[in-house]
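In the two complexes that follow, chain A is the common piece, with chain B as its partner first and chain C second.
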Partner chain A sequence: MNMKLETLVIDPPAPTRKIGGVILDLQNISLRFGGVKALTDISFDIREHEIRAIIGPNGAGKSSMLNVINGVYHPQEGRIVFRGQERRQMEPHMAATQGIARTFQNIALFKGMTVLDNIMTGRITKMKSTFVEHALWFGRARQEELAHRRKAEEVIDFLEIQHIRKTPVGRLPYGLQKRVELGRALAAEPSMLLLDEPMAGMNVEEKQDMCRFILDVNDQFGTTIVLIEHDMGVVMDISDRVVVLDYGKKIGDGVPDEVKNNEEVIKAYLGAGH
Partner chain B sequence: MLYREAGQFKTSYAADQQLFPIRQDRIGVLLLLAAAFLAVPGMASEYWFSAILIPFLIFALAALGLNILTGYAGQLSLGSAAFMAVGAYAAYNFQLRVEGIPILVSFALAGLTAAGVGVLFGLPSLRIKGFYLAVATLAAQFFIVWCLTKFPWLSNNSSSGVISAQKVEILGHIFESPREKYLLVLTVVVLMALAARNLVRTSTGRAWMAVRDMDVAASVIGIRLMPTKLLAFAVSSFYCGVAGALYAFCYLGSVEPDGFSLEMSFKILFMIIIGGVGSILGSFLGAAFILLLPIFLDVGLPWLAELFHLPFSTATVSHIQTLVFGALIMFFLIVEPHGLARLWQIAKEKLRLWPFPH
Partner chain C sequence: MQFFFEVLIGGLLSGIMYSLVALGFVLIYKASGVFNFAQGAMVYLAALSVVGCMEKGAPLWLALILAFAVMTLFGIATEKFVLRKLVNQPPIALFMATIGLAFFVEGLAPMVFGSDPRALDLGIVDEPIESILESAGMVISKFDLVAAGVAAVLVTSLALFFQYTRIGRALRAVADDHQAALSIGIPLQHIWAIVWGVAGFVALVAGMLWGARNGVQFALTFTALKALPVLILGGFTSVPGAIVGGLIIGASEKLAEIYIPPVMQSLFGGNFGGIEGWFPYVLALLFLLVRPEGLFGERHIDRV
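So, the complex of A and B:
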């Protein structure tokens, strides 16, 4: 299943891109589900505009980490410092309004809605009109729908999915669904994008497209990207820094070359059959 | 003229976001409205108004209310009839106790009262889903009917809670004949259906559907689950409440709490299952189907019996009705969960391609 490095042709990150200061600092995060320790005392930070990969074998706690970052899970211990503000935990709604968007490992699109509506829903925190205005199609409702439609169409153009905008997402093939989910996240114009295995189950061509989109987003909009990915070729190619988790513990952290040569990381991966 | 979009290129997003973006739909709706407002009043008999058209419109409105909650926001409810009862009794009490209050204001307040009660019984939805929520709304069904029987004040001390609706007077004109009542009900229902259509095509509706389809993803996008679900309960109950007020004032004239039974709640649920869950058109199709089917079978079965010399008694006819009913509901649940509205849509899609199959 694992991709080889040579099969993917990816532009390396543009050298002009500037990586800023730390915008998210995770300190001593521990998360338990009953007796299961999903995360144990994990600390790492994320810098503005960087592509930060989280890797590790299945069950290592990668998805849980993203869920802690945008408030779906509340860690029992630790602190989260986001843009200088220190918190015990995040809340999903707060994370969304503060510019954190994400995609899910198992596609979490709104199945009954069209591609366009899914993407429009991504802009919901930016809409101000009330349901009364909506019902009466009055006041800000009309103007807002049009303005946000224009923004949604920009995302649709960016991802090259014009031809399916009116298709219910449930009818789309897997690869396109992943792309639409990215679109829904992008529609929020996030400053930080959490991507949970965006290329899993894709063929080479689809992977290349997805890589290109991720790099373009990072490059054009300066979006900070936190990426969970199993394909080592992709990870080593596009990420600025990599965190390695194993059994809920951090076993490596650094630039791709450092991580690649880390004894513990190699052991964990060999042990897990990679 | 065939049903197709070909040649109708949208040159602006505004054109693509109209109430009915496809021209044939627009024309169809306008024709239907013209028929309902202009042709029907001149043609229909008194029986048609009071036994078929008025109840059809009222139940379509209630079904629309339930569809907002169940079809769009994904929260199952078995208390629709009870929310109708709240509307009926609230409108009665506003008329009774507030000097000179216009009837339409009473209807609106009745809707708001039902909305308030709906929000109250919607609170469990923040914790529980699906089957368990349905049981909680079942509690609403029994509790509300019990309250209306138990507290005589609500029915102005009438025996067993029966109320007689006051006369319907708007701007000095009394709506007395079935035709006038039909026109009043029709106006209210059309306006509320348009409002519902607006709600579901804007961000309110998208938030409901997002919560319905995937609540974790919805909250991660920034949708607050609590206000979104409670708004669905409020709006849905508002629709049911107004339907209840119309039911008392424009259909039956006098109602009792037990009339708003669990059976009626189920009937409204069946309307949206057969008509189409998550479809405004479906609410109307479902109401028409459920109300017309018994009439159709009443007439059709004895006729068939005679034709084939079958010994059908009236009891058999009513048994067969129940059977057909059950079979249809199973059919739609299994084969076409999106109901008649979906069948209609498929037909339209076929027409769009006709006569070229690809």
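So, the complex of A and C:
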């Protein structure tokens, strides 16, 4: 990974934003896959409305951390306190109902569906009408469908993808697919958004767009954002706080300036040959 | 010409029965991205449950309800004990699991309900409809017509269900990407249980109709093979495809059976009977070369 700090010109986070109290507290998390220690005794917290970056070399355990937050992986040790409540065993689909949405390192869109349909699926947990109402296209079902449709269109406008709304996502270029995936996550109106390398493989211009969207989401909707990203320039520019992982251990945590000057962090990046 | 229509209609009617079996495959393929090798075994299990219960003294309606309970339990158990362990595994692992499931069911069901072939009487006679015979001079079986009607209603309501409901949308999402479906809050387990339950119900209806026609016996498991060319024609992911595919296969195999042998005989001599048995597969093979995703299938085929 190269520490390119000069490639991107990004507006700094809007000063109006107020960072709140701790919304998610991760305490002494350890996660193993057989003999592989993906995460070892990691503690950090995430505050409401902040942009919290997780960085580290490949295989450091960043994605695993996101999967722990999301309830997909269950750590063998540690406590997770979400909104003041200790989390018990959680089914993977429950994160969405608790207001946690995410995107994936390898795009996971519904390839056969159009952009609009993909974004509509983001609202699936919010749909209430029963099958019968639905089947008969009855009052509530009808109103509901239209309301969801409006929300989806708002997301589409927000991400400036009106021109591809009816395109099957499989046909879109990579950068746009990433954007649609963000759209599906946004459609759920999450309070927390987990982004796993949302800018990987993008050119400078696409990255700039993506940065702008992330900042706007954070600013306009107050969404708490957990961001995994390799581009140091982006990370240092847009995050409020950064946690650094290496070989499954936490080696740094703080505001960007602190992390940038942390001896261990610098060593990890140089040592890993990036 | 009249004879042609008689053959054509007979073919279309039996084709709907193929659609019915194909539909079971499509549902499960859509939900779990896997070719369910056990579909034929499920048809057998369903039919056996019905005759088994009737032998123990239950009237037909009760036997049907009990058989439906059996199929629902089977669906839920399959999800709980087999599929749940295989989330995020490659599709081939799921496919292997369904093979195991097929042998398990084919072994267990006859142990519970008895293995000897039995007749199943639904109270619908298999004889020509007189009014049509008199007015048009065509032989159209009453049983075929009723069976086709039942199948048509079922197929249509399922098609609507999956096209226009929230569960349908969830189902399509699950079919496409498990992880992503979970991340937007779709409970994979419920969807799978529902789909296997519905597939069990479809198997029950198919088992009734095929069982009443050909007897309840182990050969019912082979109805699954009849569905293969239908699926190739219609596409593995399309409910309308299963319907149209079934109609095409049904009609074309009957027409081929009647009209191809005389031509072949005059050209090459010899006996060309039994074309019905392999014609659908040849048709499917040709189709595969021209349009591998099927008439209605989605173009990406990355799961086998």
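Quick note on the criterion: the second predicted complex is superposed on the first by the 267 of 274 C-alpha atoms of A that agree within 3 Å, B and C clash if a C-alpha of one lies under 4 Å from a C-alpha of the other, contacts with A are read in each partner's own complex, and residues count from 1 in each chain.
The criterion applied here is as follows: a residue touches a chain if its C-beta (ideal position, glycine included) is under 8 Å from a C-beta of that chain, and two chains touch if they have at least 3 such contacts.
It should be emphasised that the depicted structure is a prediction, and the values quoted were computed from it without experimental measurement.
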### Message
Quick check on the superposition: with chain A as the shared anchor, is it clash or fit for chain B versus chain C?
### Response
clash
#### Entry: First, second, both or neither for A:Asn70, with chain B first and chain C second
both
### Query
First (chain B), second (chain C), both or neither: which does A:Arg102 touch?
both
### Task
Return first, second, both or neither, reflecting whether A:Arg149 touches chain B, chain C, both chains, or no partner chain.
first
## Note on the structure
Dual-contact residues of chain A (chain B, chain C) 70, 72, 92-93, 95-97, 101-102, 104, 108-113, 117, 120-122, 124-125, 127, 129, 131, 134-135, 137, 184, 188
#### Entry: chain A to chain B touching residues, read off their complex
70, 72, 92-93, 95-97, 101-102, 104, 108-113, 117, 120-122, 124-125, 127, 129, 131, 134-137, 141, 144-146, 148-150, 153, 184, 188
### Message
Give the list of chain A residues in touch with chain C in this complex.
### Response
70, 72, 91-97, 101-102, 104, 108-113, 117, 120-122, 124-125, 127, 129, 131, 134-135, 137, 170, 184-185, 188
### chain C to chain A touching residues, read off their complex
160-161, 164-167, 169-170, 172-173, 175-177, 179-188, 237, 298, 300
### Query
chain A touches which residues of chain B in the complex?
13-14, 16-17, 19, 195-196, 198-199, 202-207, 209-210, 212-214, 216-224, 231, 235, 278
